[in-house]
Amino acid sequence: MERVQSELDRRKPGQSSITTQRKESDTVKILSGVFEGKTLGSPIGFIIENSDAKSKDYDHLKDVYRPSHADFTYDAKYGVRDHRGGGRSSARETACRVVAGAVARQYLEKFGIDVWGYVSSVGEIELNANYQSIDKTQIHSSIVRCPDKEVADRMIQFIEEIRKQGDTVGGTVSCVIQGLPAGIGEPVFDKLNADLAKAMVSINAVKAFELGSGVSASRMLGSDHNDQFSALGKTLSNNSGGIQGGISNGEDITMKVTFKPVATIMRDQDTINSKGEEMVATGKGRHDPCVVPRAVPIVEAMCLLTIADHYLRQKAIG
Amino acid sequence: MERVQSELDRRKPGQSSITTQRKESDTVKILSGVFEGKTLGSPIGFIIENSDAKSKDYDHLKDVYRPSHADFTYDAKYGVRDHRGGGRSSARETACRVVAGAVARQYLEKFGIDVWGYVSSVGEIELNANYQSIDKTQIHSSIVRCPDKEVADRMIQFIEEIRKQGDTVGGTVSCVIQGLPAGIGEPVFDKLNADLAKAMVSINAVKAFELGSGVSASRMLGSDHNDQFSALGKTLSNNSGGIQGGISNGEDITMKVTFKPVATIMRDQDTINSKGEEMVATGKGRHDPCVVPRAVPIVEAMCLLTIADHYLRQKAIG
Amino acid sequence: MERVQSELDRRKPGQSSITTQRKESDTVKILSGVFEGKTLGSPIGFIIENSDAKSKDYDHLKDVYRPSHADFTYDAKYGVRDHRGGGRSSARETACRVVAGAVARQYLEKFGIDVWGYVSSVGEIELNANYQSIDKTQIHSSIVRCPDKEVADRMIQFIEEIRKQGDTVGGTVSCVIQGLPAGIGEPVFDKLNADLAKAMVSINAVKAFELGSGVSASRMLGSDHNDQFSALGKTLSNNSGGIQGGISNGEDITMKVTFKPVATIMRDQDTINSKGEEMVATGKGRHDPCVVPRAVPIVEAMCLLTIADHYLRQKAIG
Amino acid sequence: MERVQSELDRRKPGQSSITTQRKESDTVKILSGVFEGKTLGSPIGFIIENSDAKSKDYDHLKDVYRPSHADFTYDAKYGVRDHRGGGRSSARETACRVVAGAVARQYLEKFGIDVWGYVSSVGEIELNANYQSIDKTQIHSSIVRCPDKEVADRMIQFIEEIRKQGDTVGGTVSCVIQGLPAGIGEPVFDKLNADLAKAMVSINAVKAFELGSGVSASRMLGSDHNDQFSALGKTLSNNSGGIQGGISNGEDITMKVTFKPVATIMRDQDTINSKGEEMVATGKGRHDPCVVPRAVPIVEAMCLLTIADHYLRQKAIG
């Protein structure tokens, strides 16, 4: 279970100058499903207790609807809400996904399947490099999770500036799945690409999902976009992003995920409360100026879980 | 059931000079679940028989793996394949989605919920108009489903040129959901945005899904991206695209869906067959040079089905 | 597909003097999912058209709530009902289960798994024989599906008497699953016994499900009921009915299913209509005086489907 | 949450002379989903920690396959097993069901729906009373959960004798659902009766499920079994047990559930270990001589959960 904890540490708050300063230790405690270091086949129950929750931090939010938060929609849906920490809409929920993904990773690596992501843009600063040229070992040596040192430095500098202004900024995470054999996925109802899309867009703050050629596909011609076979199961290009007709084709699966800027900014914002009265949401608390560095392990985890599900499905019929 | 058929007619092949010339009548025949014009609560079974299938059209494809088609991945998954017409990976499968969407539309419109889409780009030709300025009645008066006549004419001309060259081109469909009340969706496992993403990316040839601000969110600051409340349940901007924390906020839900160029081009392409032997895939058959005009009702149908599901869920607990 | 049809013929009406005289040919037509005699992995669509439906037979039932039928409950649930032939509550629905079971049978027999049932009682007439002493080949040589000729003859005679009186009678079907290895099933949420119970009780007219020792277990002591191991995976007795903790133990799975007498009797019965007015339901139509002979292939089909599902699940993790 | 705890106390061990003497306090601690005494709509997470687990009690079981336990089947399925306390096959798992049922009860009672069970037999000792004549207040004044004092006393005496012999005995629990309106359930795939059967047979040690007339239906004639309407939605008899065609008819739903004798007896039993070697399973530990008294709240809980699910489903379409 050391690997589960180390995976979780990649996501934890307070790990660098460009993340939130909340100091949660994020220690995972396994409750069930693991015995003498092995999974038992039964559900793996675990708990990650809050170590640095300051309920007081949220007292001022009791009746406020913060702009672009889920405060209002939760009230609209349920008619009752736990205002402390955003409740279930808090990105803290994704810690559980990272734990589950860490288990899936240990399963998938037995079959030579690897998943890795990196920050490919922060605001206007983009990494212009093909993923195949990336040195994976450099990703996590950078606090911004961008493998190109020069670009990473500019990203870090920009995030620090933005933070001083009490503002936040968006970005993108790119992710690659390697070693997945051809034939994994489903043809109509749970296409592998569709399930990856759902997995990614389910992550807090995600606004767009692109597979392979992504949004650029709309401007391309078929004669350019088509991936010619070079050999059985190998293609010269990979605009498809590794999936055809909902099923993996044995090429790398490549995707890009867009994150909006964090909604909690350290500035006062005009807003309303639950009675519709105008008021000011003050920018208190300790939040990330940019989520993408901490989002890398979350994106990976959701890929790992999606791939593990589909891999198991195929094993049943294979 | 007339409305079901008319919805299906919007998708059918052979409807204009810029779509495939296959002349399928696409007549839906209801088998069960409807009695004296009313749904019974039981499953609605229906069949759309092929009227213009020419199996001969596909004889030359028996062992060929067409580039960027699902021929290879189906063989990899199942080890057996019906080569006639792409089998289940054929976009013809989406006709069923349009029928189901037509039923969902009749349910949702009782609650004042409307869904409508349009072509927002073909290749490099883009419609630069806010959806709020669009005259919906103009969408279907255009064979390319673009509501701006000048832009539509350029799109049509471009598609016709591309077709003459035996090539194909990508494009985008934008879609809007209006009238959905706040509070529809789920907070974690089936977020409304995640389910919409899955629904859209499940459509053949889709490469990207964007909600609200979409890919542009990565370049924005929080102070610009946040949607300020103007009144209870109303915001001044709509970068969120109508969803917060997986739940609708009562604003219009806006999305953009990118389609790649159709893989079947009317040119010879180098490829391989099921034995790995090099060969040439000849460009026969009758295919669309650009799918987006016929994709509009499909995008709408998938929205309608997703919204109907979530609406029913909320009714259970509301 | 010949085997699918022959399985279906075991269930069809009009096959003997003790079943309904409706002469439906029950011909299954495959619509999809099978190509050149092999399943494709995609859904197998099929249709069994009514050949002897006489809508007139049901005209007198338009507003009547027949005693112990689903007429009233369908109206209560849906507020609208197709009164012709019982609609979806007709046991005719089970023909589809038999078709699906026939496909599952062909899959399971590759692994040496067999499922077979027989009539073990009609009214008070019981077959007092351990299933292990039964000659399976004798089951279907009897129109009442009871493998003991002497008992079968008494059952047939009794059913014919009952029919002359315009009445109906209940009975039981016993079923055995053989060749299933140990380790199939789930420990909590989808226990194999629980799924078999659901499958059996979902069949029209079933009132009770018993596994292994069944209702007699309530009167037994643990020292008698416990199945001692004779060897690894073999036990001396089988009160457990082949399942422990939701998971198969490699012994035969044995069960007994109780069917109530058919509700449609050929006598006039006092009842009410949809306005609550008293009236008489006349005993018209062509119905079975006892369902158990035709229920044997249905019980088998539901076992086959349940086992195939669980077998595939285990293959995924095995 | 007091009501959740009190429901759980009805199931807890050590509550009387005829139950196991393990003294688990079974205190439920809510982790999530409840705020200021109200459910939030999000999952209700809770934990019941073991207070009296004595791992030593199970050391002698490490490699033994106890007769009629799940030791062997878990090994067959997973190839790995936590031998302490039966692991997940322990009836202790049902404590969670009782907690969940207690929440469902609070929801359903708002609509006037009540669920109550009682012990109707222990070994050969049966309560011969129609449920309508039962004084519900007497059920829980009896440690054996049988509302007739004279019968209860005989049951208690018999259980104590059996325990002295180191043996166990089976029994039955009867359960009634009252106040459920007509129209709840599904017509084919999730029939209310089928879901109740699955729910009941999923409880540890259950061998049979009977609805309404149950196994006696096999011996009845249709003219006797049919329930004549006395008024709209009211019938003179209730052999149907309150469900027709998978859907409730507004009458009381009545069922009977058979429990086998507990497999753990306080006697030595011949058995084998995981290597197939013969050995003796010694009768240590603290177990129930008869489970039915403690099973009453479990049966009720599974009914409550099943009914709540179906009630919510119907609300969605109603």
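By written order: A, B, C and D. Residues from 1 in each chain.
Everything below uses one rule, namely that a contact is a pair of C-beta atoms (placed from the backbone, for glycine too) under 8 Å apart; a residue touches a chain by one contact, two chains touch by 3 or more.
Owing to the predicted nature of the structure, the values given are computational and were not obtained by experimental measurement.
Minimum number of contact steps separating chain B from chain D: 1. In terms of C-beta pairs in contact, B-C outnumbers the other of A-C and B-C.
A turn of 180° superposes the CA atoms of chain A on those of chain B, with the angle given to the nearest 5.
With each centre defined as the average position of its C-alpha atoms, the distance from chain C to chain D rounds to 26 Å. Chain A and chain C have CA centres that are 49 Å apart.
Chain C has its Cα centroid 42 Å from the Cα centroid of chain B.
Contact of a single residue of chain B with at least two other chains is seen at positions 41-42, 77-78, 88, 187-188. By the touch rule above, chain C contacts chain A in their complex via residues 41-42, 187-188, 312-313, 315-317.
Remark: chain A residues 65, 67-70, 72-74, 76-78, 88-89, 93, 121, 123-124, 162, 167-172, 181-185, 187-189, 191, 193-202, 204, 206-215, 217-229, 231-233, 235, 239-241, 243-250, 258-265, 267, 269-272, 276, 314 touch chain B in the complex.
Interface of chain B with chain C (complex): residues 31, 35, 38, 40-42, 47, 77-78, 80-82, 87-88.
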